[in-house]
Every structure is written in structure tokens, then in C-alpha cells.
Amino acid sequence: MSTIASRAWRLSGPGGSLAFEPVAVPEPRPGTVRLRMEAVPLLSYLGAYVAGGLPYWYPPGPFTPGTNGIGIVEAIGADVHHLTPGRRVAVSPHLVADELTDEPAQILVGLTGISPDSGPMLADWRHGTLAERVLMPVSVLAPLDGLDHLPSERLAALGKFVVPLGGLLRGRLAPGEVLVVNGASGYFGSAAVLLGLALGAERVVAAGRSPGPLEDLARVAGPRVMPVALTGDVEADTRALREAAGGRGAHLAFDQVGQAADANATLAALRALRRGGRLVLMGSMTAPLPLSYGEVMLNNWEVIGNFMYGRDAYGKAVALLRAGLLGLEAVRITGFALEDLPAAMRHAAAMRGLDCTVVRIAG
Amino acid sequence: MSTIASRAWRLSGPGGSLAFEPVAVPEPRPGTVRLRMEAVPLLSYLGAYVAGGLPYWYPPGPFTPGTNGIGIVEAIGADVHHLTPGRRVAVSPHLVADELTDEPAQILVGLTGISPDSGPMLADWRHGTLAERVLMPVSVLAPLDGLDHLPSERLAALGKFVVPLGGLLRGRLAPGEVLVVNGASGYFGSAAVLLGLALGAERVVAAGRSPGPLEDLARVAGPRVMPVALTGDVEADTRALREAAGGRGAHLAFDQVGQAADANATLAALRALRRGGRLVLMGSMTAPLPLSYGEVMLNNWEVIGNFMYGRDAYGKAVALLRAGLLGLEAVRITGFALEDLPAAMRHAAAMRGLDCTVVRIAG
Amino acid sequence: MSTIASRAWRLSGPGGSLAFEPVAVPEPRPGTVRLRMEAVPLLSYLGAYVAGGLPYWYPPGPFTPGTNGIGIVEAIGADVHHLTPGRRVAVSPHLVADELTDEPAQILVGLTGISPDSGPMLADWRHGTLAERVLMPVSVLAPLDGLDHLPSERLAALGKFVVPLGGLLRGRLAPGEVLVVNGASGYFGSAAVLLGLALGAERVVAAGRSPGPLEDLARVAGPRVMPVALTGDVEADTRALREAAGGRGAHLAFDQVGQAADANATLAALRALRRGGRLVLMGSMTAPLPLSYGEVMLNNWEVIGNFMYGRDAYGKAVALLRAGLLGLEAVRITGFALEDLPAAMRHAAAMRGLDCTVVRIAG
Amino acid sequence: MSTIASRAWRLSGPGGSLAFEPVAVPEPRPGTVRLRMEAVPLLSYLGAYVAGGLPYWYPPGPFTPGTNGIGIVEAIGADVHHLTPGRRVAVSPHLVADELTDEPAQILVGLTGISPDSGPMLADWRHGTLAERVLMPVSVLAPLDGLDHLPSERLAALGKFVVPLGGLLRGRLAPGEVLVVNGASGYFGSAAVLLGLALGAERVVAAGRSPGPLEDLARVAGPRVMPVALTGDVEADTRALREAAGGRGAHLAFDQVGQAADANATLAALRALRRGGRLVLMGSMTAPLPLSYGEVMLNNWEVIGNFMYGRDAYGKAVALLRAGLLGLEAVRITGFALEDLPAAMRHAAAMRGLDCTVVRIAG
């Protein structure tokens, strides 16, 4: 099996050395594809991850970090039927074993194991997207047809949208419904607000702690977005959210809260729901969420945990882009060369709202 | 039980005399409401219906014809909990018995019986909306909150939208999907095109026999609408529809075909579907629809008959209006005074596309 | 409006006097039916309710308590289309306004208001089933066709089944799935176990605090039921539940826990779920339920509050009975005469598992 | 890449030579598994297929025919995470590309291409199950845990059940519903009847042309099965089906009709549905199905084409077997040695109802 030359960032392990170095990329094996990467978005916590400070299940080192990204198919293995060389695709890091079992092994390529049985898959697929060339299983590659007018650097922002899109689809957001987004000034939360509009929400209540970013977001997003700055007082916040929702309670609340000392913001979002409403949890809160059992029951509420997104999410995002229902122009892209990853990581750590730090990769 | 005076159109029976005359409207009985009507849209075939030429199950005469309309709650009966005097509502003609049975009796108030057991209900609720004051069961009245800026004459056009909305919801149209509307130049079909956009379709293929009206519609509706003039040749039409759908086949086809001598247009719409696509039937074709059994099976297609709409349709339409996702300004309203019903019926018979003939009712 | 004579229990108010006395029952108004009651099941807490010790929203007194029951249609009002005199029906206490609004007013007839706007409905429908004759809205009456071989006294036990059935349907229990029932030795929980079998669960893990009743239940219910006596230690209980579930985690957990000082049993039921599993809450726990946010998210779990049941539940229960998939013979009925309500209430307070206290009403 | 020795049936092409011969089986490539086969069920038309008389898209020859079967995992390739050597699995012939595209390439391994783009996949996966050892992609292998008490020869009959199970799941058959099976005396239709019971149908109307086999089936299946011998007269047959359905119309009709000169039986099954009922098409009729457009619409009927089954079908079938809700003992297995394939094919051609011809494969 021949290999081709490439350059890639390699991390020796959590908190270990990170170097940009020549590496060999093997020829595609069956069911896989080799990509020439063009652009990779950075997670805000990539620096902390590299420094070893996050409780993740790292791939065995040395490995290439990096989730998501846009690349061009360069070579295909056997058992590949639809992707062809030259086609532009998005890389989704969520790899799930295609076996007929209830709980298939899964990982986030280039980032972490997830389930107790992630180990062998993590060893097989340890290398993420921060490289000139990568090998990826076909099941994580989403075609980007009909978007030729958008440069890869901008399309890299799709990684910011597809995660909350997964939650909004799981939460069954329907046109004409009212949506509350908690954590709306954050990286994914701000994207959720734009997605809510694209999916036809009657209005989107953008809730968070910082009034400034929420108002900025509302200015960009238009009159169907109602910013609400939360105070931490559950009762007052619930009242404010319900009022902003039009006085009738929301159909769906989407929680993308960050590290929070208490669950008050999430509880206010829950209580802003009308009877039969749904709350989707996709944030990173470590405090427990103390549900009022009787209140949840009497109101027929659903609390839905959601990890990442389903197979249809990338295709849906691409269709919304093609239709012009979703635009990426509101995203503030800051580009760095691949070689400048350390600077890019520092920039990413300071992203707010619709910011997006992207690494560009020259052919 | 006291009664109040009103004037109403009364039809003695199919093909019988139609007169505008003083009538008594009883006080609301339990579960009912009295409305002061403000505007009533006319069906294109109302003249033919009055003349007795349609195979409908007419209410026992004399009765007041007229389906749909906008009115103000004037008095409420017992067992009414949410409607209050002064509130503006839309009348939906589809009355279904609120009993725990598999196939409850149903009628279209002011128009026709539907199921074999419609008789007694038709006798109870024989009077439709073409009157100054009407008595209606609460279950057919949809509140119009948040639409105070729209006059009743314009809101009367909701009756044109809510029928195809029922079909699009039944067909599970989702944002980002591709929709084909067959019969797109018709009264309901043209509304379906606008609704497809409001519900977030990536594109809407507007198909019909007459190129002119389709192009007019596309001009009003914008670049996501693709007009396709059908030729009657199933293969050629299928090709044209698929191409307009973006080359990938549509997710949903909505058939609102009128009286047609053959099923070719509907078959082309079906064949424009991608694997797993859905075809919703809401037209008035009397010719049989000859499905290719094997083709339907191999493609996992669904053919879904749909009568009218569910309980959520009016609320959804109202929310789309409030959000500005759906606009009624594209509808060409022509108003007549209630006294001028005969002239209005003649006008309605000539409606095309986004036309809407409305009868105005003075307080 | 004429009235007919009847005898009924009347409670002057919470903790007030309860007397069996002659009353007048009005002729049916539109949308309602008069029943001659034959059998009424008692809730375990009816005595405490009558004594005024429960935090319920009582109807204005004097009123007739009593939820559920089996009766014969004796007279029908206008606007009733399917029920006819002589037909046997079950009374469901859950009355919901048939109006086109997001959150219609609702009550439990003969028991309590539910939503902030329950007041007027509670005043209109204050009288429950503990009477010889009752007036009821048609929407709460479920026909019992095809069950002529079952006496009303036994059919009264349907009230015990339809509540958990509502939860199992809401939780989307499908044939071949594994179900955990928490609170399985209780009044509704034991019925949930039998329903799980009737709905085709591969196995039903019957969890509760008391080993004896669980083993009795398993003996009655057969080999697909696995009793698990909980210890209060969440980790150990989770392990025991998962093992009983077959080692793969359950698809659905149904929580019908009673008054509990902590949420440990419910949390163990949640953790017994496989990825993507659902937990339905229908118990009466007043302690908060502290969800681990990250665990719920990573596992794609759903926590579904469910109040009562949908319109289809009675029909489904009746069909399962007709099919012989569900049997009422395992229920231990103890009958009392209507006059002996106080003794019956004392008996009901001591019900366990499959017990059912029923009041018989002579014609 | 090393290979191992095996013996397999090889067909040179449609109507060509069929020989049992030594062949080489390659070591598993990534994403694949090598099985030692134990038992393979035969399709009734396998003889005709081999003789070249069927309009199928044959794999390029020489190839090994044979769909479905039971085998033991012998070796695994890279990128396989759950299957381990020694585990017993069922082979499902339906292979679908695991790529993020709307209409992924698909074939039936060992039988036919399906979609216009099946060609390359058919070339890659040309060899079916009629061999001692086979190589298969992991995505078509279903674990058979918890069924150790059932010999592979009997489990081979699963292939007969999983196809109609796919249709019943697609048709959303729910416990307590009434099911009509058209073509109930056939190979798949008779299995559909047993599955309907296993899935909790209140009753299953078993419809077909031949009274004898239907009555045999009803005898085996018990009192919830109602045999109806069709006459070809749509009106009379509709009446008979509705009466057997309990007089209320069926919720679901499942059509597995064989080659039929007209659509009368399918139309009668459709008309046996109640309002809102579903008809699933999985038969092999080549005549068109002339739907009455207005009747389908007024009744809110759905006509659902269904090809094969979803990813969950094998797991569901296995769970029903484990629970004892579905039994294979009613299936009349006739076994042949692998070497005796020609005799086995002749036997298979004469299968009726619950017959199942199985080829046994010695280690």
C-alpha cells in the first residue's frame, strides 16, 4: 500500500508536544477517501485541549487534532460509490460503526472517544483534519453540491451550524413555532438563533447573560429575534422569556449553555415552554439539572438530551444554504495559515457569538 | 331561547331559489358561538353549486351557503372557555364530531355532507357563512390574534391557504426539501406554492398546463419557484420536473389538479420524486390514477390522500402570517357587498391563480 | 329543561360533609349525555381527598366526587352523533375544551382543576361519577363495543389501566422493546407491567421497594416479567435493572413512583436505559429530579412528562381486551354497594398492586 | 492478501452453467467479515432465476447466488468493532452504501442490482450465500444473541419473516389495530399473518385466492386470524374483508399479492380500510393499480410502497423470537445438503404458505 507525503500537526499526547511535520498518508483502504484539506474551523477550546486540560478521551498519540473542515476528494478506496475525485466535501467528526447493533461504537475523529467501546475505533481513526491531506471514512463526508460560489474558508463555518441544527431537528422545530435559545451569545448558540430563523420559527428568543452580544445578534438577525438578558432569578427570567415569546410560551427551548455554576438559566428556559413543549440539552453544564417532577408531568414537557446530529444534518444545512434561507455572511471569519495554528488557537479561545476562527490550507 | 335578527342568503335547495332575506339567529346553545361576519371568500364553483349542478350532499333547505369567513364573536354559549365577545376569528367549515369513535361524523358546514353518517349533523348545522350573523360550534373557530393590522377582507383569503397547508403538513414538508406543486396555476395550487416557500422549501416547482399564469406566479414568488409547463407526455414532463427540481428528484409532490381527463400530470409529479418521496392528493380528478405497483414499491414512495386539514392548520397559518413568512399581499382580492352575491359568484367562477373573490359584510 | 331524580354522593367541600342524597339530574344539554352508572372504581386516595387533605383544586361544593366508571347511555342531547341510548361506555375524567387554542382549559371531572384557567370548566362540570345518574360531555365517553362478556364491575378496572397506557403510548413503547416499570407494585404501576406485556415488550423489568408484591406480580404475569427489588443505592440498582433488562439496557422506563423522599429509584430507572432510551414520568414524587445534564446529552436520552392520556387510549385498551392480549382477570376486584362508599374508601386506601376497589350501582 | 479454500455454487450467468466447485475466499478487507455458513433459505423462484428467466439485474458471472442465511463469524477485517469470531449472525442481502447521499447505491447481494447506479456495487459484491464460506460487509450482518436454543436450519426461516416485517413496521402497525394481509397463503404473506399477531394486532384478516391454505393457516395461527377467500369481485370481497375485520374497517392492509392479472384483490384490501388507514405494497404485481383518486383523498388513505426493510428489522425479529411472541415452529422446514441445491430449488418452487426450503451447510 503506497503512501503520499503531506504535512500535518501532530500532538504527542495530552499536554505533550505539538509539531507541524511531514507525515505519510496511506492510500485509501476500502470504504475510505483521501482528501486534500482546504479549510478547518477551530473549536474555542482547542488550545486547552492540546494543553491536556480537558477531561476528554484522547486518541493514542502522536495524532493529528482537528474536527470538521472542508476538503477536496483526491483518491478513493474500494467500496466507495458516490464520492469521486475533485468533489468538495465537509468532514463531520462523528464516526459511528455501521453495524447492526443497538449501541454502535462512536468517536469524534481527531478529538475524543465517547462510549466505553470507543478505544479500538479511536486507535483506527486517530488523525483529525489539521493536515494537508487526511484519510477519512466515507460515512463522515458530506457533499457540498451547488455551493460553488462559496469559498472553503467560509464553508468551514458549517461546523458551527451543524451541531445546533442536530438539536433543532431532534427537537422537531417546525415552521411557525416559537423557539427559545439559551446560551445565544455563544459559539453554537448564536448559530442556533440563525438556524431557528432559517427553519421558519415565528420568533426566536435569544437568551444569555450578556446584553451586548445579544443585541448585536438581534441587529444582525432581524426583527424575529428577541434578545433577553438573563438575571439568574428563575422566576423573573421565566417571565421575561415568556413575554419575549409573545406571551404564549415557547414550543421549543434549545439549551446550549456553557459552563454554569447553577441550572437557573436552563430552568427558566424550561419554564418558558407552553404545555407539550420540548427542551433540548446540548450545552456543557456540569451542575445537575433539578427538574420539578410534577411540573414536567403536568405540562407534558419533554427534556431531550442530544449528542451531535443525525445523518441528515449536513444535507439539510447545505440545502438551506443553497436556498438562501441560511446565510454564512453574518459569520465573522478570521483566517490563519495552517502553519500558524498556535496563533489561530489563541484567537479561537477568544471567539464570541458569530466569530469563527478558520485555518486555511494551501494546496 | 331568544333570537336576534339578521339577514342571510337562503337557498331553497339544489338549483332552487336563492334569496337574501331577514332571518332569525338563535342564541348560542352550549358549545357554540354567535358571530357577526365581516368577510367571506367564495369558492370558484359556488355558482355551479347553487345551481344544483354538483354531486354534493346538500344540507336540507332552505339553508345558508358559504364556507369559511372572518367574523367577530358577538355572544357565547355555555361550555365555551376561550372565545370571548369582540374577538376576531376565522370560520373553518370542517366540523367533526368530538366523540371517541374511529370515524366520527363530519361535514363541511354550509356546503356538503361527507361520510355516510353526515345526515343528522348536516341537519343540525345547515347554515354557512353568507349571512350577517351566524351560529357556529367553537371547534371550527380559529382565533386571529396578532393580526390586527390586516383587514378582514384580506384575511378572508386564509381559506385559500389553509386547505393546501393541510396537505403540505400531512405530507411532512420540511425546511430544505424540494416541493413539486401540480395544478400550481389554480386557486389552491397557487397558494400551495407560496406556502411551500413559507415552510422553507429549498425550491418549489410550480407545474401546470398554462405557461402564462405559472410565469406570473414565479415572478411574484421569487427565484426559489421554478415554473414548468406540462405537455401531457408523462416521460417528457417527468424529465422537466426533475430538472426543475435541481436534478435530484423532489421530496414531496402536492397534487391539486383540477378536473382532468387523464392522470398524466399527476403521474409525472409522482415520478419526479426521489426515493422515499411522498405524493399528496388533494385535487378533484375523477379519472383513476393508475399506479405502477412495482415502481411505487421499489422507490419506497408514499401516495397520501388528504381531505381538508387538521386542527393545527389555522394556528400554523396565523403564525406564519404573524412572522411575515407568509404574506397575503400577493393575493388579488376583489370585494363585493353581501347583497351582490350573484355578481360575486360570477366573478369567482373566473378566478385564476392568486385571485380571491370576497364578500364584505357591513356591521 | 326537565330533570330526573337520582341519588348521588355530595361533598360540601374539602373536609366537609359527605352525604348520599336525592339529587336532580338535568336533561342533557347539547353535546352531552346522561348515563345510568353501573360501576365506579375508587382511587386509593379518595378518602384523603374527601377529608380535604390533598393539595387539589376542588370543584365548588356541594359536588359529587368520583372519577372514571362504567355506565349505560340513557338520554342524549343535541349535537351528539354516535352515542345512542343503551350503549355501555367508560367515563374518562379528563375533559379538555374542544377549541382551537394552544393550551385549552382542562379538568379532571369530579376531582380537580389543572390549569390556571380551569375555574369556569370546574364550575360547569363539578359532578363526578359516584351517583346513580350523571351528565357527561360526549368527549369523555368511550364506547365498550365487543366486551359484552365482561361485567361492568370488572370493566371498572379499566380506569387503572388507561392512565399508564397513556404513558406507554407517549413513550412510544414498541413490540420487542425492553421496558422498566418503576413503582411496579403500585396501583397504576402493576397495571403498567401487564400493559407492557400486552403491547409486546420483550421483557418488563418490574422495579419497586417491596420484594413480596413484585414477586407476586411476576408470578401472575409470567416469565417475561423480571422483578427487581430496589435498595436505594443508585449504582447498585442501576446494575440490577440493567441485568434484569437482559444486559443491554432498556428502551423505555416508565416511572410511576409514589411519594418518595428522594429520586434515587427514578434515577436508577433512567440509567438503566440504553442510548436513545426514553423515561416517562407519571408518578407523584414531590422531590426534585436531579438530572446529570451531560449524561442525558451523551446518551441521547429523553425525559417525558406525561399527564393522563390521549384520545386514543381508551379505544386502544378496549381493542387489547377484545383481542385477549390484555386480561382483567388478574385484577383483584372488591365490590361495595354505592351506599357503602365510606367503607369502600377505607378499603381503597389499603389497595396494593393489582387490587381494585369498585363501587357497584344498582339500576 | 491470503485466501482460504471453500466450496461454492457458481453460476456463469443468467441461464448459464451452475456448478459446485472449489473457490478461494479472500481474507476480510476493512469493513467486512468472513462467515462459515450453516444454513441458507431458498427463494421459491431461485430455479427460474438461475435459468435466466427473470427480469433481474444479475451480478457479473461467474457468481454465487443465494440471499439470506445463517453463519458463524470466522474472521474479521479492520474497521469492524462489534462482530467477533464465533458469533452467529443472519445475512441480510440488502446492501446500501453508507455514504451521505440522498439515494445511496443499493443491491441485493447474490441476486440483483436495484437502482441505476448498482453496477459497481454489484461487481464488488457479486457472491451470495450458497457457499461454505462467504465474505460480507458488516452492515448486512445481524447478530442472533439469545437464540442459542434454535438451530441454524430453523433460524434460516428468518429470511421469510424479515421482509414482511419491514412492511408492517413501515405501515406503522400498532398493538390493538386490525390488519388485512392480502396474499396470505404465500411465502411472505403467511409470515406476515404470524407477524401481525406477534406485533399485537387485534385481529388479522388473512385474504387470498385459495380457501384451503388460508384455513390451514388460521388453524395454526389461532382465533385472532380470520381467513377470507377472495372471489375477484371487488365489491363482494371488500364486504367480506370488512366483516372479517370486525365491521369497522382495518387500520392497515399489507399487500403481498403474487403475479396477478388484475388489481382487484389489492383494491378490495384498500377499500377494507377505515378512514386514515394505510396500505403497504410489497407484492410482485405487474398490472397497474388503478386508484380512485377521490376515494383515496376523502378517506385520508395512504398507499405506501416498501422495498425490503430498514436497519431495525432483524433486531426486532430477533427480539420477538427471544420473547416468544413470534415462533418459528409453525414453519415447515425441509432441509437439503448444500450439494443438493438443484433438488432443493425444485422443492422450493413448490413451497406454499408456511413451507421453507433450507440448504444445510456442513462445517
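Descriptive notes on the structure:
So that you can tell them apart, the chains are marked A, B, C and D in the order they are listed, and the count of residues begins at 1 in each.
Rule of thumb we're sticking to: a residue touches a chain if its C-beta (ideal position, glycine included) is under 8 Å from a C-beta of that chain, and two chains touch if they have at least 3 such contacts.
Since the model is a prediction, treat every value here as computed from it, not as a measurement.
Least step count on the touch graph, chain A to chain D: 1.
Comparing the chain pairs B-D and A-B, the larger number of C-beta pairs in contact belongs to B-D.
The distance from the centre of chain A to the centre of chain B, with each centre set as the mean of the Cα atoms, comes to 41 Å.
Rounded to whole angstrom, the centroid-to-centroid distance between chain B and chain D, based on C-alpha atoms, equals 43 Å. Looking at chain B, residues 102, 315 sit in touch with two or more other chains. Note for the complex: chain A touches chain C at residues 102-103, 114-115, 248-249, 263, 266, 274-275, 281-307.
Interface residues of chain B facing chain C in the complex, by the touch rule stated above, are 29-32, 78-83, 97-102, 104-105, 117, 120-121, 124, 137-139, 141-143, 311, 314-315. Those residues of chain D whose C-beta lies close enough to touch chain C in the complex are 146, 174-177, 198-203, 224, 246, 315-316, 319-320, 322-325.
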